[in-house]
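First, the structure itself, so that you have it in front of you.
Chain lettering (A, B and C) follows the sequence in which the chains are written, and residue indices restart at 1 in each chain.
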Amino acid sequence: MKRFFARNAPAYVFLLPWLIGFFLLALGPILASLYLSFTRYDMVSAPRWIGWGNYEYMFTRDRRFWKALEVTFTYVALAVPARLIMALGVAMLLDKGLRTIGLYRAIFYLPSLLGASIAIAILWRQLFAADGVVNQVLAMVGIQGASWITDPDTSLYTLVVLAMWQFGSPMLIFLAGLRGIPRDLYEAAEIDGTPRWRQFTRITLPLLAPVIFFNLVLQTIDSFKTFSSAFIISNGTGAPADSLLFYTVYLFNEAFKFFRMGYASALAWFLLVIIATFTAIAFFTSKYWVHYENERD
Amino acid sequence: MKTSATDLELAIQMDEAARVAHELRLKRDRQERNGRILKHIFLIIVSCVMLYPLFWLLASSFKPENEIFGSLTLWPSEFQFENYTKGWYALPMSFTVFYVNSAIVTGLSVIGNLVSCSFAAYAFARLNFTGRSFFFALMMMTLMIPYHVVLIPQYVQFLNLGWVDTYLPLVVPRFLASDAFFIFLMVQFFRQLPRELDEAAMIDGCSPFKIYWAIILPLSLPAMGTAAIFSLIWVWEDFLAPLIYLNDIKSYTVPLALRLFLDQEGQSAYGQMFAMSVLSLVPVVIFFVLFQKLIVRGIATSGMK
Amino acid sequence: MTKLTRRAVLSTIGAAAAASALPATPLFAADRTIRHYWWGNPERDKRTFAVIDTFQKKNAGIKVSGETIGWGDYWTKMATQTAGRNMADLVQMDYRFLFEYVHRGALKPLDEFVGKSLMIADFDKGPLDGGKVDGKLYALNIGSNSQVMVHNTRAFKEAGIDADLINWTWDDFGKVCEKITAKSGGKMKGSDDLSLMIETFESWVRQNGREFYGPEGKVTATAEDVAGWWQMWADLRKAGVVRDKNKTVILDPPIAESGIAVGDTAMSHYWSNQMVGIQAVAKDKIGAAMVPHKAGGKPGQFIKPSMFLSLSRDAKDTEAAIAYMNAWVNDPEITGILGLERGIPCSPKVRAALTPKLTEVEKLSVDYFTAIQSKVGPLPLPAPKGAGEVRDAFMRIGTDVVLGKAEVAEAAGMFIEDAQAIVERAQ
């Protein structure tokens, strides 16, 4: 027993704030929401137990559930790689000792600051409307643009572009990571005559792996949970024609618009399962490509 | 005589070599300069594209109300500064109050985050203890839950504690490492620091606390700086928790106050809202610019050795 | 942060006062506190806080805590507070959600106070009845309005329109659209495309002699009603006299993005108390017209309570709350401050007192209101649970029709089926 304490006490002391926070503040509501997912709960009267009813409806009779999954998965598949590639690309450009790096870094981060604001939603609608600026620019090179944001077939892509526009956060993290790679490695490679591309794949990528992993996992989790931009741009409805019915938008409406908090809780837990699965896969496969410097596992 | 001949040859060769080297260097310099110019051009173009929406926001904040949606031109027909002056006082409280509130909440939250998350991250990254993987998984799980469904149970919980209509629900969780994002971020950074440092310190008889304070923390300034920036920006812009937990308009934070401007059914004041939105970005940008330098300085002294 | 502790102490006092068995005697000599929660905008908030000040001055022992946020977030917070049994004592209610909250037991009936502390005997009966559910009064009407086709008076004059805007029919409407579009060379269309506005569609159904929701809360509109409606707009779209379809499919747009505000159409459909807000963003002077009638049909419009004040089930100091409510609709100083901002008041006395001080747009809305009195139908039955979702379905399916991706007849049938399923599921 004493040995157990001696060995673990320091760790637990450091972990204490989190432990208190988790078990006293976070766990209760999480378990409550799990319980609620098995009930019919309209928030005004007491919850009524219905067992697997919500889940059954979700998988067998709810058409919009599958639509929401489709929209969200498509978005994740497109937005995450797009964003990460832009972030890494720009970070690498900025990393090579530009004097004005501070200025550029601020400029590229600014869009992310506007995140969920109504102003951006309004702006985005204007930009991508049939007579919007985007089409005006395209017209200059002779392309006839569609009404991107109001056409159900293309509206999701405008949101992907919005995600790409806001690459500032992962970019900052990449920058911090890139700065951690010792310069002399590059210099040695230069002297050896290694081409730039090789330097990238042999030095940058492997040493950046922990940061890439971090960004990948977090961007994926975040993208699955995308809410504000879709909600505001579609005025809360997932319009046009449910093409912007992100999973969390659907969830929110079920809870707060239609008074079906029980069902919304079930939806939320299913989303958790999806995200957890992806994250677990990422963690397990990370053994093969992410190596922390000097770590003995 | 032979020596002078070879000397001459040598001299000529060396001269030749020097000339070639010089030309090569010139060429390389030119290439690098062209490369840099190209890079700058590219970056400038990207910057313009990135900034265009912000220009639109800025321009709209100076436009009269009926022009914001009517015209597509960027430039306002007349510059209306009153969106700013009126907007500041348009709500029942002036924005001074809201800014102070936001500053309090954000300041406390950032401190709380940095302290508690680095503690937890240190434990996860550097210390072996029973239950580490289990707790790590739990921590990651809190990242994955959509906030909207724990909103109501959490509200009831805070209601029972009597914390509703105070800043406690907004600030206290931050001191208890509630934001797993930062724990994860710091874990990834800590794991990159060489373990030999820890081991050397332990041989010297340092306790884990000393190691944390004297070695890990100073070397993690980039991570801390990044965490501080993100923390500040996210807490500053958070509006869902303030919406739910704050009733008294005197205690509202800036993003919440911005929401008072718009009313679907009645009269909205878009110009003023845009103006105030622009202003709400100013502290964030300032903070960002200041903290940028911290990251740079931290890296310059990067103790990889 | 003395704020934190002061609030904690106040709420404890409040709780203690409420817990005491004598409702009229506070435990301490401290203030009684009531909370009032409303959705607003800068103008409304200014007036409401002024009212709170006035009320507090006149009622020294009562403190009113004013809580407000914009419409978009109002209901989220309301739902959260309801779930936590922490609703404000007095909440502003909307016709759309009233029945949801009443049916779930979140509001207290007001009947026991009527005539004793709530003096509404001389109020217009029709608008008052709007707050009744199952025969009990759950919500006090604090402003009425009705549907209105807001039109651009300049465009109308230029196109030489002289139609009778109170009695006109859908045929007249179509002709007006043509004239406007022709006169402006296509730059300004006649009207917004109202295919997706279920509120206007409900008027159409009423004109056909039916209600959208029947007495049992079932959907009694027919697929033919829907098809007729969508077909009419499809024809207008084909003739090119209504707004571009790409703008139409943006749902629930803010006022500033409507056709009349932006200037690309001459008519938009709104509620009469929104006219002040519309004039604020529209470049030209606006006028009011009724929703076009069906030739030989029943009246489609009705006088609607634009918003209510309700007593929540969590209200503790009901006496103070009712005193506040009573002052809200009767006190001359308070009603003077409120004006027409929330709609036309129910009390004839108040209306008379306000008339001399009205602005031009406000006068327009009052004149319009008076002119339509004889042309409107009765208040429709309360919407059942699930009505919000039916509205969403209407807009969703209608979008496909507007974009030409679905056939009118087929979509109409699908919508009615969906609507019935939704209402059933919600019970």
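By our rule, contacts are C-beta pairs under 8 Å (C-beta built on N, C-alpha and C of every residue); 3 or more make two chains touch, one makes a residue touch a chain.
In this text, all values refer to a predicted model and were calculated from it rather than measured experimentally.
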Innermost chain, where centres are averages of C-alpha coordinates: A
Two chains sharing the most C-beta contacts: A-B
Chain whose Cα centroid lies at the greatest distance from that of subunit C: B
Euclidean distance of C-alpha centroids - subunit B vs subunit C, Å: 42
Euclidean distance of C-alpha centroids - subunit A vs subunit C, Å: 38
Centroid spacing, where centroids are CA-atom means, of subunit A and subunit B in whole angstrom: 16
Multi-partner residues of subunit C (at least 2 other chains): 72, 76, 79-80, 83, 252, 257
Sites on subunit A at which at least two other chains make contact: 43, 122, 255-256, 261
Subunit B, residues touching no fewer than two other chains: 69, 152, 156, 262, 270
Subunit A residues within the subunit C interface of the complex: 42-45, 122, 125, 129-130, 147, 150-152, 234-237, 239-242, 253, 255-259, 261
Of subunit C, residues touching subunit B in the complex: 1, 3-4, 7-8, 11, 35, 37, 39-46, 49, 65-73, 76-77, 79-81, 83-86, 88, 252, 254-257, 261-263, 271, 273-274, 276-277, 280-283, 306, 341
Sites on subunit B touched by subunit C in the complex: 65-66, 68-70, 90-92, 104, 151-152, 155-156, 159, 162, 164-168, 243-244, 247-251, 256, 259-270, 272
Contact set on subunit A toward subunit B in their complex: 4, 7-8, 10-22, 24-26, 28-30, 32-33, 36, 43, 90, 93-94, 98, 102, 104-120, 122-124, 126-127, 131-133, 165, 169, 172-173, 175-176, 179-180, 182, 210-211, 213-214, 217-218, 221, 224-225, 227, 248, 251-252, 255-256, 261, 264-265, 268-269, 271-272, 275-276, 279, 292-296
Parts of subunit C lying in touch with subunit A, wherever the complex brings them together: 72, 75-76, 79-80, 82-83, 100-101, 104-106, 244-247, 249-253, 257, 385-386, 388-389, 392, 395-396, 399-400, 403, 405, 426
